[in-house]
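By letter and in written order, the chains are A, B, C and D; residue numbering begins at 1 in each of them.
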Amino acid sequence: MDPKRFSPKIINDPVYGFVTIQHSLIYQLLEHPSFQRLRHIKQLGLSYLVYPGANHTRFHHALGAMHLMQESIRTLKMKGVDIAPEEEVAVLAAILLHDIGHGPFSHALEHVLIEGVSHEEISLTVMQTINAELNGALQLAISIFTNKYEKPFLHQLVSSQLDMDRLDYLTRDSFFTGVAEGVVSYDRIINMLTVVDGQLMVEEKGVNSIEKFLISRRLMYWQVYLHKTVLAAEQLLIKVLERAKFLFNAGEEIFLTHSLKEIFGQTLNFHDKSLSKELTALYLRLDDAEMMTHFKYWQESSDLTLSNLSKGLFNRQLPKTIIQNEPFDPREIEALQAACAKSLGLSMADAAYFVYSDKISNYAYRLDKGQIKIKMKNGEVKDVLELLTHLDRSVFTELSTKYYICYPKQLAWPTK
Amino acid sequence: MDPKRFSPKIINDPVYGFVTIQHSLIYQLLEHPSFQRLRHIKQLGLSYLVYPGANHTRFHHALGAMHLMQESIRTLKMKGVDIAPEEEVAVLAAILLHDIGHGPFSHALEHVLIEGVSHEEISLTVMQTINAELNGALQLAISIFTNKYEKPFLHQLVSSQLDMDRLDYLTRDSFFTGVAEGVVSYDRIINMLTVVDGQLMVEEKGVNSIEKFLISRRLMYWQVYLHKTVLAAEQLLIKVLERAKFLFNAGEEIFLTHSLKEIFGQTLNFHDKSLSKELTALYLRLDDAEMMTHFKYWQESSDLTLSNLSKGLFNRQLPKTIIQNEPFDPREIEALQAACAKSLGLSMADAAYFVYSDKISNYAYRLDKGQIKIKMKNGEVKDVLELLTHLDRSVFTELSTKYYICYPKQLAWPTK
Amino acid sequence: MDPKRFSPKIINDPVYGFVTIQHSLIYQLLEHPSFQRLRHIKQLGLSYLVYPGANHTRFHHALGAMHLMQESIRTLKMKGVDIAPEEEVAVLAAILLHDIGHGPFSHALEHVLIEGVSHEEISLTVMQTINAELNGALQLAISIFTNKYEKPFLHQLVSSQLDMDRLDYLTRDSFFTGVAEGVVSYDRIINMLTVVDGQLMVEEKGVNSIEKFLISRRLMYWQVYLHKTVLAAEQLLIKVLERAKFLFNAGEEIFLTHSLKEIFGQTLNFHDKSLSKELTALYLRLDDAEMMTHFKYWQESSDLTLSNLSKGLFNRQLPKTIIQNEPFDPREIEALQAACAKSLGLSMADAAYFVYSDKISNYAYRLDKGQIKIKMKNGEVKDVLELLTHLDRSVFTELSTKYYICYPKQLAWPTK
Amino acid sequence: MDPKRFSPKIINDPVYGFVTIQHSLIYQLLEHPSFQRLRHIKQLGLSYLVYPGANHTRFHHALGAMHLMQESIRTLKMKGVDIAPEEEVAVLAAILLHDIGHGPFSHALEHVLIEGVSHEEISLTVMQTINAELNGALQLAISIFTNKYEKPFLHQLVSSQLDMDRLDYLTRDSFFTGVAEGVVSYDRIINMLTVVDGQLMVEEKGVNSIEKFLISRRLMYWQVYLHKTVLAAEQLLIKVLERAKFLFNAGEEIFLTHSLKEIFGQTLNFHDKSLSKELTALYLRLDDAEMMTHFKYWQESSDLTLSNLSKGLFNRQLPKTIIQNEPFDPREIEALQAACAKSLGLSMADAAYFVYSDKISNYAYRLDKGQIKIKMKNGEVKDVLELLTHLDRSVFTELSTKYYICYPKQLAWPTK
């Protein structure tokens, strides 16, 4: 055996048994502080308040997605798809780093702490920084990540409607929440992958598994990602932060670490290029633990609104939440706010921190994104939507919208 | 159906499928801020640095142990053991609260932040406080927890060498780390439980499962609880805190939240009764998140020792660790400290933060604690140790001790 | 403990961990030769030719369904539903024996060996026989099985669109085939069961799990129960038996055990009451092993048709099978039969043993059977179909029909 | 993609998820009637009488062992071990066919139906026959199987104390029986395999997993393979056959298929070369189903001994069995036989079919077979026995022997 050969590392993963790190570049990325940081960002934000097992992290998810990528590459090579060693390492790096731009509580705070930027854009920024540190070792990975590489299937494995990201998060979230509804036949799907004319496809006999995947994703949305109580907690999280920022800007004294104070103090806009580097650094210093420590200390704030909201969040005393298919009547919302103001001794403006209504939407399958293509036995290529035998096409492709309202548990619903 | 009946709550648990809360008192305890706090204490401290799935919490463990208690009570009642409804609720409450006194990073920091007290004693203090709040609703639970109740098997289910605590933590830790070696037949063991003359026993045909349980526990010790890298991380954690406390007492300016500053400022001794209430409160305000936020900020301390140690801990740049069966030669330790002092430009005193040696020990089975009793088919009662057919008794009952040394990776081992 | 108390038996079940037998009547039934016989009847007939793990038996399924019944009864009692001890034992007996009338290869041969009778009717006959042996101990169980008992929910637990039979077979078939698509949240569904006005219902928050259950059942139909290759094997099984019976009646000498000779020799009609007892006995002596031994010996029959068909079945050389949504053109079928006759040197009549076409249908949900009822939070009762938010109602309630054709692999599809 | 490339086949396996067939030779072997025959041989003989899930077959086991071999080869290649494509296919073929010589009920009848030959020798005979059919395609596989090939590690992967056979059967038997005690970290062990000087080794950090593997194997022996009730059933099986053979040779008329009649009629000795081909063919025609059909029909034999024994076996009315560490007193055995003769109205000679005593032995680890070698971090090679830190060496290497007696349940133990 070659003594210079990179000795593979093995990591226990309760979901897949073992994940192996087979390339020194991947190991280098894994050890990078920017990647280690993901250990402190929960994959599912506040979902652990409903599913106590859901403490898994972005770190673990990224590792799992990298593992599935390895399996996919192995399958495709076995089927004769041409993938060079450097392409293999690059696509592994790309999936490993795809979420590296996530901030605290992942999606929940994505647009609260900073504006005008998605986590994908921040991921790209971080990848570029590391690329510079590593003298261009991530060049090809970045090219794949940004879909500029000449083999589109590599990008599609990283980001499409049937990518390793989705396969891992459905599998992993289902595993750690214990929600069997989300179980996906990831190994069967991977075994069914193929490439035609550079495009990622699924063999015809894998259609059932794809249907199951689409259903699982949809069920996970309503049962986990948009679960009523999770939604209530995430909205409360946002209200807490809005209140704290308001107080800070009004000159009130509240517990604030250096990072959060800086972020509150700037009107940060990512596209103001002069700021973005510093901003990225500040934002990426934050993590779930630091935010949670704020909520704990804010329980004792002299501002009753901040203190009440923080106590609710920290001790899981969440607002009552109703979800329905139609918007709520603005007069009902206002009546509840008035009742809340009266009950808690607040102004109407402050009552809006406790009583609020909005909508949530999701697609199970997006027609505007690249479609999942099926390679038929006879050689034809079809979109999976043409082949659904068990499910109704419209159910999957229409935007599904629901409306919610949150209000303190002690309030009664207004009678007319 | 009785409208006043408590409507059982169902909680998803990836380990057992579902956990049901069947009694309103148990639900009340679950909702208590002191219990919700356990959501922020990881069951396995820093083990997630080796096993990325090991982010499960004391909250989850307590819930799981309560579930196993429910199953055990059900089995025993099915076998005709007399257990009154109020005894059932009490023993469920006792197991639910058995870990409520755990501080940040569970065992790792138990004797660092405060002295002269075990987490069991603090658990009892918290139970007494809640008991007062609930007008004595925990009286019987406390009596069982402290082994003063007339049916010893109830205490043994909570705390003995075969209690619900151990059954759950082995099962749960094995599940979340993905270490198959720790898998225990918890359901078979529970099905084999019985009671003779008020003592908890295992039926003869369950002996194999008990042997497996003893082996699993031992393997988990060496493979997870005392894993070399976990050990290195936990020792580093202690060094970081020792340094920070030293700097604080020397009047240096470092990042400290209110709670930690108070704790550092007092020479807290739990048995100084006038202090203990306040101390307990302060200590129990701390959690993993707050500690981790300190480590993050301390990376930028002007004290190089604190900053170096914190960077190592936060970014998982852990010291090299060697474990062996004999103590290390003090001259080798000193030589390494000298090399470290030279390499990092430190005093010999400060080098001891980076190079240190100690021992670790564990019993797989303790002869001084109550034994696991087996009820033979012919009615006799034996200690499980008499019945081991596969394993050597001495291996299990002798104290197993190993010695370790930690030092910076860049240092070479001293040549003589 | 009461020394006369029945000592519970524990049986390892890889699906549920452990199954406990808690009542002496249930244990007596388990030991009965008529129940032990089910060890020799595979749950999924010839599906093991596609899914090599699918060797599980009717015995195991009946045991599993009994286990789920125990869990359901426990849940319902916990929710305050009134169920007397003798009702509990009776409903356990009823589910344990629900499949006791199954003959070899379960459904595949149900209407080939004997006519005019379903396996449910034979189950009832066997239950009545055992009831007589046991001096009426099964009276209440039979009353529940035949839906004559005053508490309809007990029958519904045994036989309805959401009964323990279905919950177990989906779970078990999914487990042993390894088809993740069929996984059902049986424990969540059971936890969601309730009873209103004597009718079995599901609580509103269980609707997602019911949708998942309906989808799983449908996917299992197309992926396992009606899998193309399984279908081909089962049709071949029928052809082999038809040929053997034809040869026997034509006076040819073929290998036949006593039981099968008797069955072939009679024009058995179950409703000819004078015959039915003897017939039942003869039919129930048969099992998968005895049938398989025939196929093995028939490979050497001097009749080429029987020998060819048997070789195909025994060595898994199955016909080519095409499934489509429209009927096959009779002229194509005839052309294939002609080609087959020519290729194998057979008459056109005999070629029909090798080339045949028919249809298969199934409902995911039957509107003509009792509906799955949902108890809404506001007290209303709705049919689950009104509440489907993810799925299209019509997909589930319409009869889904497909057409297939089987023919020897060596034949080419006729060109026009 | 190359259109001539063999298109991999995917087979669902509940144990490993999926097994892929990647080579056309392996697929050809899989389709061979001699291999398909293994579908009718249960892996664990009569163990299903204790563990109702244990209906898995030699077919499934061979497939699983082949899958683990694929994983091992992949790991070794990743670590730089030189394995040519033709060696890879050959070692896969060797493991796939390693059990092809098993007769009905695997080990239980191995030395009853034919004498002077092991199943390994018959496997080799069958491999040679297929090799001739396939024009030498199995030459290299046979060379590996018989340990004549120049790379010993390939043979060791097929047959040694840590081979794919053992890894699969422990994993699979544990899975289907539901006995958690047998769970083995097969994936971790495979990841730890390496090759030094042509010998298969385990890396030092895999020692814990090997210890666990040794313990699991031992626990599986006592809990499954030599389970008291399984033992009773297997001894009964042998007695039934001995009685039937005795009756046949005495000219009595009993139900016998052609194959069994031929085997009973010859004094078959495998090493009488003129007979062995015919014998092998006859023997290999038998399977579990054909044997079981005999037991069913023999229940009605006019010979009471055969009929009684067969009823016991077929309906699971098994003899009482006692296991102890010392031999039974011959006078007690004789007293029981006398009581049995009296109770059933039999001669003393016939009573020996119902009352019998013998011993069972097993090694957890054999010193006379090739040892499991460990490659230490410092380059040394050690035997695993030198490294056991948790277990006692003697427990594993000594022959463990127990004595049993079986007798009819209605008999009382003789008083002195």
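In the analysis below, a residue touches a chain if its C-beta (ideal position, glycine included) is under 8 Å from a C-beta of that chain, and two chains touch if they have at least 3 such contacts.
Please read all numbers here as calculations on a predicted model, not as lab measurements.
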## Note on the structure
At the largest C-alpha centroid distance from subunit D we find chain A
### Message
Comparing the two chain pairs, does C-D have more C-beta contacts than A-C, or is it the other way round?
### Response
C-D
### Query
Can you give the whole-Å distance between the Cα centres of subunit A and subunit D?
49
### Message
As a quick test, compute the distance in whole Å between the mean CA positions of subunit A and subunit C.
### Response
43
### Geometric centre distance via CA averages, subunit D-subunit C, whole Å
32
### Query
What positions in subunit B touch 2 or more of the other chains?
17-18, 188
#### Entry: subunit B to subunit A touching residues, read off their complex
11-15, 17-18, 31, 33, 36, 39-40, 48-49, 51-53, 55-57, 59-60, 63, 175-179, 257-258, 285, 287-290, 292-293, 296-297, 314-316
### Query
Which of the residues in subunit D end up touching subunit B in this complex?
180-181, 183-185, 188, 208-209, 211-212, 215, 218-219, 222-223, 389-392, 394-395
### Query
Touching subunit C in the complex: which residues of subunit B?
1-2, 5, 7-8, 10, 17-18, 20, 22, 78-81, 187-188, 191
